[in-house]
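Here chain A shows up in two complexes: once beside chain B, once beside chain C.
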Partner chain A sequence: MPPADPLSRREFLRRAARAGLGVALAGGLSAISFDAAGPLGLPPEQAKAGLPDFSLPQTAGRIAIARGAERRETLSLALRALGGIESFVGRGDRVLIKVNAAFASPPILSATTHPDLVYELARLCFAAGAASVVVTDNPINDPASCFALSGIGPAARRAGASVVLPAESLFRPVSLEGGTLIRNWPVLTAPLTGVTRLIGVAPVKDHHRSGASMTLKNWYGLLGGRRNLFHQDVHRLIAELALLVRPTLVVLDGTTTMMTNGPTGGSLSDLRETRTLIAGTDPVAVDACGAELLGKRPEDLPFLGAAEKAGAGTTDFRRLSPREVSA
Partner chain B sequence: MSLRSARRASQVFFTLLFLWFCAVSTLGGRFTELSGWPVNLFLELDPLAAVATLLATHTLYRGLLWALLTVCATILLGRVFCGFVCPFGAMHQFVGWLGMRTRPTAARLAQNRFLPAQNLKYVLLAFFLAAAALGPAGGGSLLAGLLDPICLAQRSVNLTLLPLFERLGVAVRGEPRLTREALAIASVFLAAILLNLHRPRFFCRFLCPLGALLGLLGRFALVRIGRTPEACTGCTLCERACEGACEPTGRIRTAECVLCLNCLADCRHGAIALSTRASAAGEIPLPDPGRRAVIAAVVAGAATVSLGRIGGATGATWSPSLVRPPGALAEEEFLSRCIRCGQCMRVCPTNVIHPAGLEEGLEALWTPKLDFRAGTSGCQHTCIACGQLCPTAAIRPLRLEERLGTAEFASRGPLRIGCAFVDRGRCLPWAMDRPCIVCQENCPVSPKAIFTRPVYNEVRLPEPLVVGEASGQRVGLAAGRLEPGRFATGDYFILLPSGRRLRIRAHGEQAIELAAAIPEPELPPRGSPMAVAIRLQQPHVDPERCIGCGVCEHECPVQGKRAIRVTAENESRHPRHRMTL
Partner chain C sequence: MEAPCTAPTPARPLRRESFFAAAILLLLTLIAAAILREQRRPHPAVENFLYARASAAAARASASAVLLALPEGLVALTPPERFDRESLSDKIDGKAELYLAAGFVRLDCQRLSLAGAEDSWIEVFLYEMGSFENAFSVFSAQRRPDAAALELTEFAYAAENAFFFVHGTRYVELIASGAGEPFTQAMEAIGRSLIAERPAVRAALTERELFPGEGLVPESIRRIASDAFGLAGLDRVYSAHYRTGGGEATVFFTRRDGPDQAAALARSYLEMLRTFGAEVRPAEGWEGAFRVEVLDTFEVVFTRGEFFGGAREAPDPGVALELARRLEKRLAEAGHAPR
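So, the complex of A and B:
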């Protein structure tokens, strides 16, 4: 067998350089990606602060009760009794309206916030100088269907407000300081970005698990993730929501009250005309007042007591001397 | 513009139109949504779907009449649908062109030679038509939808391509949609597309049952491609890009010709012409798949459906997990109409309709099935979109009143697609002493089909509790400790010896504050034992009210195998599946 050609120096150096580079690359890549601990299983808890406080100190403890069948009228009456929309929304404010759009159900069934209220509230905000009004909720049924069928979407757009449908990217984990349930939990925070005023608008509804669904229960709709688990401790959860979310104003619509079969309803026979609209800055007091429309006392609803005890407001709404007005 | 350019323009136009119709098949009034677009157009122009449902049901439903247009055009002009309209054919042709364009002419000529295996599509056609026509009870099964090019393309684009684009962030409406079986459906689609790299228009030449049907229909076409031997120099360039492998160099096989018109454009000697006369060089007007093969296919088609029925899937061993969309016909009739096009799945606003996998049997492969875990919120009981869109009325178009059981349908009650069952071994209030009733909350009918009964279950404690001081709303413990706050959720009660239960409002380790005062005569004496109970509302289903919408199953917090599940029991479409009196 003839001897192979001897390796030239140049060829040797070239090969050695290539081989060295290969070894260095393999070694470098291994060093960079070396992981001695292995996977953690679950990501570490990302502790995030709660939500901004949207309440206004100068309007604390105000509550008004307006009687009448026409929502747009009772809303303006109630707001006037509270000092006018101008006390809550000023020039340049960016307003978020949190509605209850939980179900793909028509307005006549009162399972969702009435579109008239959404329209009128958005209109009043703009009239008071708001720079933008956004309407949002994370419904239970298909979001697009909910906003369309409930009439909330069209009403909001008619008033010039924009509607934000939930998507996974709009949630971020939030923890309530001192909370036991709302820990590292996904909350619909993206629509709150840049917002200066938060208004909650909810109907009065029967709710078999919590006893009632009103303005406090309405904040449930800001939660994402596996929020159904919270039904196992629903009263404490609502009390924590009352601490987490401090709105500028809440509006509780008891023009029609869903007395039975809540919170979905589904039939006109579940409803009763109660011709009452309650607005205020203390959601605990507003809900305590609204409980009467369902024929309940505040002590029948443990979440109210828990919220009061946690310092979110008072269940003794009469102490706030509510202004009563009639259409 | 040459005829070839016209053909190309037509293919681009119809392919884009097809993709557009797929994309806009979502509920809504905007022009990028359903809003009146004729999104079923291609399925309705498809004579195979029309002929097969005609054979199976002896009727031609609504828009399927449009297939008459294709049939007439084919009788007069040959396979003009394949060459000019079919979007799946256009995709094949494009990919085939990509794969072949750099190959030498000799290789391309070899690839475009006729192969006897092209007769396979006629055999498949015989199989599918027999399966449709020769069912055990008159109507057969629309298995044709599995290979029908329009159904295949519509299903693949609807259920795999569009969701894939959604994942990439294109045209997202809310959360990206899920499709069970997406990988399997996409694999068939991709295989059909990639086979074009082996031979151009592989699917059209060897497999397409619609192409076979159109080839037979074009037997007496008035205009056809023909060759004049006197002018021909035998250069064979006409076969270089022949899409149908119909051999224009010899006796042209007219049934194979897809009217791509490449031969016409490529011939430099004027020997090829589109003419009303028969080809001077001779024609082979009909394919010859072989009598035995066709008979075998017919027998196999009939036997397949019969064997499926012997399996019992439409009879005694019907699948309770196969919950069909609202308005779906009884199973045999359903199978004699469903072409598996995926339109119902695409339009469903809650993404609850999915293609069934093999778990429901071969005959039901990729037919619609409700998957309550996958959808966004069960089957919305005020929605009738799927039946409005279904091109063959396998899901019959309902009026909302009929679904809800109102107006003239009041006596019949609401339409039921199944019934919910509580799995008491998995349900939190039933098995785990935890409050929940998310299912009850979400039940959309009034009165609710899910109702609850309260029970008070004694809580397990590490040590027994002994009453110390008790007065008014307060109870002090002489022995035993409570974990502070644990029982202050509003769901816990103390049990008095008298049997009275009082709600715990707050408590420390050894002091309990009650929501109401203990009546004087019932004050427990010091030293008496005391128990803590949790109040549970346990869900029950009223089968008279339950419509099977599955919102309960979707919302159940037991996320793996749900603690409340809907099966097809009691569904309206099958009196045989009735469960209650």
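So, the complex of A and C:
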């Protein structure tokens, strides 16, 4: 076997340069690929503190009550009474619409956000110049079935919006400052990344545990994990959600109200035509107003008082001088 | 003589070395591309409905197993699902508490669609409650007023878009995505198929006979499985609504293991009412019974043997007393001794 050729200086430098370039490339690729947030299961001190505040100071304390049977019409009326969709969504905004898609049930049962509202709201956001509109929820039942059978998915797509179905990778641990329940709890945060406007849209429903499910309870759909554990302390949880999530706007659909057997209902006889849609920037006030559709007072729903006490809004919605309009 | 100082010519790599080097470089490039693709994928927020459709299609494709023998004209839309006590809230959220408190064992459910009309579907819910009494509890707690009676079982009714009934130890809901004759026919067929496939002992609600007949609102009899009227420990309570000339009220009773237990429960109940500011005093002319005034309503409660019962939410004390007296008389007629 012939002896190996001795390495020349030039060859050494050339090989060293190649090796260095390789290491630099690998390092660069690693830097690009690095996931700074890391996987779930972070220690408590690394949990994300709260969520971004999407409320707009210039629209604070606005509330409108629109009466009519046709949702698209009452939504437009309510928004106009609030100053127009342009007051909330501008050119280039990236909008997230948080619906209530909790159950794989048909729209006629009013257990989920009505698809007509999803369509119209997304359409209006685009008309106001929104760059993107995303619709999401972490349903109770199988997400794909919920979005398909509730009609929310097709309605969102028809309006040009995207639908985000919850996957484990989209959740991050979040802690609410001063919260006792929302501590290092997985929250559906990924769809909120890059979003500039957050709108909640929910139906008015009776709820076996909390007494009512409206816009504040709707944020429950951002939680992951074994969230049913919270049912034992549901009023405090909803109050904490009211502090955690500061939306740009909420829309409460009381066109048809689920008066009994909520939150799932099941029978058309659980429903009453209440022909009211409430929109506003104070979710506590909006829910306090919506409670009347269920024949309840704010005092009957402890989560409203708790949310008010925590500083999330006011239950005295009349103090905000709601604009009332009819179709 | 010393050799001239010239740079040595590097050896050419073998063909095999070149081949392996190229293969490794190609592999590294592919790995890098895969990493880049995964990390530079559009933000999760742009996950779109295509995924939902794919998932739904996959679910439909796997819907071969069925919960029951399908009546003609129905096909499985989704696979059967099963939920236990741990997972029930994954299906019905906050309403799970109602079932769990009543002894829920498991839920089997499945969506069936009308053949050729995938948008027209019916979801079948079979709640195994462990006993007829438990099944009746959840049935009666959710009974819709003014519903049409059904002949499927002794305890069954129909709403515009749904059937609800008790069959043996099961509480059954059939909920349609719409209303109309095709749905009604399909739900009837499903109901009959379920009953035929799962024979059950015909249960009787013997407690119904203990309610006085006059003024009783039909179909208002309810079994409260636990925490009746807000009192922990007050369980297995039967209640019914009454309309009398003097006003409306609720009559209730519960049968305990013995007279002492009934008396202890009555004391706890009255104590709870006192904490709400109730005024409690002995009922005139009725030893052992109590008249209660609370929140502008009136109650009269008593114990008879192992029974604790009474009338509540009456607009005046006379109505409460009259209904409580009639209940006690009925218990006596049914052979339940005072002690």
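Operating definition for what follows: the second predicted complex is superposed on the first by the 281 of 327 C-alpha atoms of A that agree within 3 Å, B and C clash if a C-alpha of one lies under 4 Å from a C-alpha of the other, contacts with A are read in each partner's own complex, and residues count from 1 in each chain.
In this section, contacts are C-beta pairs under 8 Å (C-beta built on N, C-alpha and C of every residue); 3 or more make two chains touch, one makes a residue touch a chain.
Since this is a predicted model, take the numbers as computed values, not measurements.
Student: After the match on chain A, would you call chain B and chain C a fit or a clash?
Tutor: They clash.
Student: According to the stated criteria, A:V163 is in contact with first (chain B), second (chain C), both, or neither; which is it?
Tutor: second
Student: One more residue to check, A:S33. First (chain B), second (chain C), both or neither?
Tutor: Second partner only.
Student: Kindly classify A:P57 by the partners it touches after superposition: chain B alone (first), chain C alone (second), both, or neither?
Tutor: After superposition on chain A, A:P57 lies in contact with neither partner.
Student: Tell me which partner touches more residues of chain A in the superposed arrangement, chain B or chain C.
Tutor: On the superposition, C touches more of the residues of chain A.
Student: Quick check on the superposed pair: does A:E299 touch chain B, chain C, both, or neither? Answer first, second, both or neither.
Tutor: In the superposed model, A:E299 contacts chain B only, not chain C.
Student: Contacts for A:I108 in the overlay, against chain B (first) and chain C (second): which applies, first, second, both or neither?
Tutor: Touch partner of A:I108: chain C, not chain B.
Student: Between chain B (first) and chain C (second), which, if any, makes contact with A:S8: first, second, both or neither?
Tutor: In the superposition, A:S8 touches chain C alone.
Student: In the superposed arrangement, does A:S145 touch chain B (first), chain C (second), both or neither?
Tutor: Both chain B and chain C are touched by A:S145.
Student: Output check: A:G178 vs chain B and chain C. Expected answer is one of first, second, both, neither. What do you get?
Tutor: After superposition on chain A, A:G178 lies in contact with neither partner.
Student: Would you please give the residues of chain A that touch chain B in one complex and also touch chain C in the other complex?
Tutor: Common interface on chain A, chain B vs chain C: 103-105, 140-145, 149, 165, 167, 207-209, 228, 231, 234, 260-261, 263-264, 266-267, 269-270.
Student: Hey, which residues of chain B end up touching chain A in the complex?
Tutor: Going through chain B, the ones touching chain A are 27-28, 172-175, 349-351, 376-377, 380, 382-383, 428, 434-438, 440-448, 452, 488-491, 503, 505-506, 515-516, 537, 551, 555-557, 559.
Student: Which residues, counting only chain A, touch chain C once they are in their complex?
Tutor: Contact set of chain A toward chain C: 4-8, 10-11, 29, 32-33, 35, 96, 102-106, 108-109, 132, 134, 136, 140-145, 147-149, 153-154, 156-157, 162-165, 167, 169-170, 190-195, 207-210, 213, 228, 231, 234, 260-264, 266-270.
Student: Residues of chain C touching chain A in their complex?
Tutor: 7-11, 32, 35-36, 38-40, 43-49, 51-53, 55-56, 59, 78, 89-98, 111, 121, 123, 142, 144-147, 159-162, 164, 173, 175, 177-179
Student: In their complex, what parts of chain A are in touch with chain B?
Tutor: These residues of chain A touch chain B: 103-105, 140-145, 149, 165-168, 207-209, 226, 228-229, 231-236, 260-261, 263-267, 269-270, 299, 302-303, 305-306, 309.
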